[in-house]
Structure formats: structure tokens, C-alpha cells
Amino acid sequence: MEYFKTIFIVASINVVAVIGMTIFTGFTGLFSFGHAAFIAIGAYGAAILTYFYHFPFVLALVLGSMLAGLVSLLIGYPTIKGNLGSDYLAVALLGFGEAVRVILENLKITQGARGLPGIRICCTVPVIIIAMIIAILVAKHLVLSKYGRRMVEVREDAVAAEMLGVPLFKTKYFSFFISALFCGLSGGLLAHYYGFIQPAMFTLDQSTQILASVVCGGIGSLTGPIIATYIFVFVPEIFRFAKLWRLVFYGSALVLTMIFRPSGLMGYREISFNSLATIHKQLSRLFNKIVS
Amino acid sequence: MFLQTMVTGLGIGSIYALMAMGYCLVFSILNFSNFAHGAMIMLGAYVGFLFCSIIGLSFFWSLILTAIITGILSIINERLAYRTLREKSAPSLYLIITAMGVSIILENLVYSTIGSNFYSYPKIFSRNYIEIFSSTIGLIDIYSFFVSIICIILLHLFLNYSKMGIAIRAGVSDPVAASLMGANFNVLIRNVFFLSGIFAGIAGVFMGFRYMVYPQMGWITNKAYIAAVIGGLGSLPGAIIGGLILGIIETIVSVYISSVVRDVFSFSLLILILLFKPLGLFGVKLEDKM
Amino acid sequence: MVLLELQQIEKKFGGICALKGISFVVNKNDILGLIGPNGAGKTTIFNLVTRAYDITNGLILFKGKPINKMRTDQIINLGVVRTFQNIRLFKKLTVLDNVKASLYHKANYNLLDALFRTKNYKKIERDIDKEAKELLREMELEKYVGIQSDNLPYGLQRKLEITRALALAPEMLLLDEPAAGMNPKEVTDIIRLIQKIYTEYHLTMVIIEHHMNVITSLCNNIIVLNFGRRIAEGTPENIQKDPKVIEAYLGSSTQKKKDEIAYA
């Protein structure tokens, strides 16, 4: 039971980051392989505040995620300003991921590659569930408002969106900022769950897992990626003996999804009580057909 | 000291330039970031190691054979992963994600089969250094610099004087018209990927020779992307200049400041360039036809 | 009253001059037709007016204010809206969401309203939904509200694109080949539609079109472009008789070809 609890908590912490990534990649159609760096910034930011300065946990969490957001604004400005498609941003974020790791390994306050041990463990199941619910609600409200709709329009056709008065730069910049905020929050939770962080925890592996959840869960859907996150944390646990092959599995999931089902698990749709009812209706119709 | 730094910088920079050119060739024709290019370079280093160390071929033949093999691998990569997407004219986001997926698969496939050991190439020169004006100059730097120059010249000749090369350039300037060529376009794409693979292979062998061979060495190849963006995505001269600038600056930072902060510097350079020249040094903004 | 005024417009792409020395005015409630062979620079004019491209030289004034340095969304705020030659709907979105996309442009609630679902947010969202549905009803598209827009037949996609442009409440509408690729029946329908919105919404329009009957039955003034230059301007009757125009289209001016133009 304790084991399942651990997996559940780890998955739920991931969900917070995945929601951020969903807004960025799933809704705005931008690409990043460096978001682990924002998780790292959030984790270190929050951990340093509680560890060295004895800040209250929730405040540290908020400030850590704000720090990640602030950094995203600095990185995002030069890379998004030119409106040049997402390649420039993607490359810049790859470099950014490396740079952040190097900086964390060499700063005094982060204690280098050895990491920060003995962080207060404040992240209990209720805390994580509350954080996750807040994240989901914020994302849902955002996505259904004009802000989210603009993101979708930019993803679908940036030129047409611009001609309908959607400010391209602002929309992309804002989406990037939000994704960094969520990743930062996820990092803060992570630090205060494990009680220990080191730079090696925030690598490409983590960025990969998050992106795989978003893509396989379905572009343009919130519920899909959330479900996919749990699958992607639970399934490798079942196949523990093949631990080395975990990333091969994620990579293949990305490629196969794009080739055979680019809409992913739940592309452009959401699971709601209505859709559950529809599924139920279809299943029972199918059942009746089989019986008769 | 300064001369030595410059030569090392040019040596590393020329390898970055090779890597960036392979990446740039694909970008200029398909307009998406082929992030699998880094994995190709990594595979090149392994294949080169196989020929050089295990089979025991000479450095020259290892280089040639590796280039051909990575060229073929690159074609296979395009055929299996990208072609279906291209034919469905999927958004470039899908292609980027697929490319990154391929890169992750290849890197971790190597990791889980060959293992995470570091291998080093055998010695190929009787001496590693020569003395010029009382500076020690690495032979490998000179060697990689000249090989890169030869590759660049050959590519230039190919693109300007061969029928296929001219077709590729036509495709670069107007992908839409080129895509109307149908079957021929697939041949053209195949050749572009072959070329890009050749460049990846050569760069990989030099990378492996200079550093070591290990699964995550694909990470060094991020420099290829950074160099290409500094030079201006899609511009071949940009890729060359971007690679050289990056190599020289990194070497200067390593020698005079500290090798630890090298990557932070290259990233800052990228951000600065984007801030003041959003299209890179040689990039041209194409105004979308509407 | 002069609404749009172009003064000595020049646009170069690299070394190629796409437009040179173009000047004209569009008065309020005019319907101006822009015609000319392919590559004459017609769409480029739209791209310059909406600032999809930057102008090389010259001045564009809307209601006397220069707009060639403004951002696209500011130009839209002034009331200049366009459609595209190759339909650019948000293909994966529903018909309703396509129209709403335009209406969100003037939705004035802030982030906090959206996050906390305040009264203001709910009211504006409700209004937008209502307005979008009303507009779709007016345009006789209400049957398709929930359909993904790329599943619509071609003619209706055009109609939806025009509806989406109307949702921005333009004063001036720039239509880029609204009848492209349509059969004669669809062409008649689109002419009727444009006439209808012209009177109902008190619009001023510029229309680029190759179908001559669209131009002749809608426009009171026509400008003919060729190779980036203006070669003629006048009423439909005069333009059809103009030898320069006939030459631009056909290379020479025999009577038979003149008939072809009239027919085309």
C-alpha cells in the first residue's frame, strides 16, 4: 500500500508539470525539451527558502514557482519576439536546460552536484491533491477563456489568428510563462516530498516523460495528458525488470503516436460526465447487439 | 598560448560547423528541426570506433565507411519516421516531436545494449602535438579543420554544379513547387538526408576521437543546433560561421575562465544573438505567401 | 468621405518589385474591385494594408491616420478586416468556435475574471456565445454550429470565413477571391451574400476576384493591376473596353478576346 502511495504521489507531482506543458505544447503548439530546467528552478528556489531561510512551506512553493516564471520571461522574450516558429525556442530551451544544470552544479547555495539533503518534508497526500486540483482548475478556466482560445488559434493557424486580432507574441509569451509557473510548482512539491534534490534529477529524462505524457495524452486536451501521466508512471513500475528500456519506451511512444494517432489518447476532446455517458450508451448498444 | 587557443577553437569550431551543416541542410528543405541529427552523430562515433578500434582499419577508411553508414541510417530514419508525416503534410510540430523521439530511442537503445561505458579511440598519429612558434598545436585540430574545409568545398561544388545539387537548391528556395514534383521530391529528400548523415558521421568520428564515445555524447551535439541558430536557421554559410564562432568562444572561455561555465557562455551567446539579431547572423525572413 | 487611401505604395521582395507607385482612394460605402493577372500584386496590397508585410515605401491612411506602422490587431481595431484567397479557417475547431475566435477580440475581461469565473466573465462569455449563434443564424449557417469546420462543403467554408470576418464588426472588408474555385451556381450565391452583407452592415469593401461577373455585378469602381503597376481605373463598362486591360490579360486586343473577357 505504501508503495502505491509513493507511485501515486510521484505521478501527481508530475501531473502539475504536465498540465503546464499541456498549455504550452498541447494548446499553443510550441515545443520544448528544456522544461525540466523550470522544474529544477522551482525545486531549488522553494527548497533554498525553506532550508536556509525557514520560509513557510506554501509561501516558498509560490515564490519558487514565481522564480521559474520570471526566468521564463527572460528566456522567452528574445526567443519568441521574432515570431519565427517554434524551432528557435526549441533550440534555445535545449541550451537553457544544459545551462541551468551547469549553474546549479556550480553555485554555492545549491551545494553543487552533491545536492541539497534534509529539506523539510511537507508534501503529504492532501497537500499534493490540493495543489493538483488548483492546477487543474486554473488550467481549465484558462483554456476555456479567451486566453486559452487564442492559444488554440495560434496553434491551428498563426497567420489567420493574427488577422483576427490575436496578438501572437503576447499569447505565446503568456503560454510559456504559465507553463514555467506550473513546472516550478511541480518542482517545489518534488523537493519537499523527497526531502533531497540534486541537479542530476532534472535531466532530459524528465522533460521527455512530461512531453510524452502531453503528446500521447492528446494535443488540445487536458484530461488526456493527466491520464497519460498516471499510465506513464505506473506502467514502467510494472516492468521494473526492464528499467533500462524505459526511455526507449517513451521515445517510441512519441514517434508511434505522431505517426499513427497524432491526436493521441484524447486529442481535441475531454473526458467529462457527458462523454462518459456517451461511451456507456455506445457500450450498452454494442452489448445489446451482441446479445440479440 | 593565444595561437594554441585559436587553433583549438578553430578545430572544435570546424566540427561544430560540420554538425550544424547537416542539421541545416534538412532544416532548409523541410523547415523543421531534425533533432535526431545529434543521435546520428553519436552513432557515427560508435561506428567509427568499431572500424577504427575493433576491426582495425586506418583512420581514413574508418571515416569514409562511417560516413556512408550514417548516411544510410539517416535515410532509414527519414523513411521510417518522417515520410508518413510528410505525406500527410502534418504540422512541423509533429515532425519535431518525432525527431526528438527518434533521438531518445537511439540514445537509449545504445545505452541499454552497448552500455554506458566510455570508449576511447586508438592513437592514430605517432605524435599528438607539434610545436609551432613555441606553441603546442594539437594535430587533431589541424586534421579536423582541414577535413571540414574539404567537406564544405565538396558540398559547395555538389550544390552548385551537379544536377541533384541544383535540384536541392531549387527545393530550398521553393519547397511548395518542389513538392509538386511528387516522386522526385522523395528522391531529393532522400539525398538530402544522405548528405546530412554523411556530415553527421564525419563529425561523429572527430567528436569521438577528440572526447570519448558514450551514449549521452549526443548532448554535445546540441552545439550543432545552437551554432545553426546563431548563424541563422536554414543558412549554410551561417551554420559554418556559427560553428566556428561557437568553437572559438568556447575554447577561449575554457582556457581563460573555466571549462565548467563553457556551456553557460554558449547559451548566453545564443540569447544575446537572438535579442539583437532575432534571425541569427545570416538568417533571412521569408514572408509567408498568403 | 475617404476611408482608405494609398499613397505611392512600393513593395520589394529582395530585388523584385512587387508593387510600384500604387495610389488610390476608397470612399465610404464604395465597393472597389481589384483585378489583374496572377502575380499582379493584388493580394500584396491586402497584405500591406493589414500589415502582414512591411511596406517598402509609401503611406497607407485609414480615415486620415497612417496605419502602415501599426500592429495588425490595432488595424483590426480601426475596422479593417480581410479574408484569405486560400480559405484559412481553424480547421479543427467547430463552426461556432471559428466565429467566436473573432468575437473574443473585444472580450474585455481580465485574467482574474477568467480564473475566478466572475460575473463579468460569465456575462461576456454568454454574450459572445449568443452573438456568435445569432450571426450564424443570420448567415444561414446555424445548422452547422457544432460541426468541425473542415467538414463543411467548400462553399460553406467560404461563407464561414466571411462570417468570421464580419464578427470583428469591420467598417471595411477586404475580400480576397471570395468566389475562387466555385461553380456558377455558387458564384451567384456568393454575389447575393456579399450584396446582403454590404447593405446590412453598411460596409465598404475591396474585392479581389477573377470571376468578372462578381466584379461587374458588385463593384462601382475597378482598378486593374499588372506587374505591380496600376494600368487602368474606371467603371466596369469602361474597363471592359480598355485596350490596355485587354492586352494585359490576353496579350493583344482582338474583338473575340474582348468578348472572352466580358464572358469570363
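By letter and in written order, the chains are A, B and C; residue numbering begins at 1 in each of them.
Criterion: contacts are C-beta pairs under 8 Å (C-beta built on N, C-alpha and C of every residue); 3 or more make two chains touch, one makes a residue touch a chain.
Note that this is a predicted model, so its numbers are computed, not measured.
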{"item": "Taking each chain's C-alpha mean as its centre, the one farthest from subunit B", "value": "C"}
{"item": "Selected interface, A-B versus A-C, where C-beta contact pairs are more numerous", "value": "A-B"}
{"item": "Inter-chain centre distance, subunit B versus subunit C - centres from mean C-alpha coordinates, in Å", "value": "45"}
{"item": "Whole-Å separation of chain centres (CA-atom averages), subunit A against subunit C", "value": "41"}
{"item": "Centre distance in Å when subunit A and subunit B are each reduced to the mean of their C-alpha atoms", "value": "30"}
{"item": "Multi-partner residues of subunit C (each touching 2 or more other chains)", "value": "52, 84, 88"}
{"item": "Contacts with two or more other chains, residues of subunit A listed in rising order", "value": "159"}
{"item": "For subunit B, residues that touch 2 or more chains besides their own", "value": "288, 290"}
{"item": "Residues on subunit C engaged by subunit A in the complex (per definition of touch)", "value": "50, 52, 71-73, 76-77, 81-82, 84, 88-93, 97, 100-102, 104-105, 107, 109, 111, 114-117, 121, 125, 164, 168"}
{"item": "Subunit A partner contacts - residues on subunit B that touch it in the complex", "value": "27, 31-33, 35, 81, 84-85, 90-98, 100-105, 107-109, 111-112, 219, 222, 225-226, 228-229, 233, 260-261, 263-264, 266-268, 270-271, 274-275, 278-279, 285, 288, 290"}
{"item": "Of subunit A, residues touching subunit B in the complex", "value": "25, 29-31, 33, 75, 77-79, 81-82, 84-88, 90-92, 94-96, 98-99, 102-103, 105-106, 155, 159, 204, 208, 211, 215, 244-245, 247-248, 250-255, 258-259, 262"}
{"item": "Partner subunit C, residues of subunit A touching it in the complex", "value": "138, 141-142, 145-147, 149-150, 152-153, 156-157, 159-167, 220, 268"}
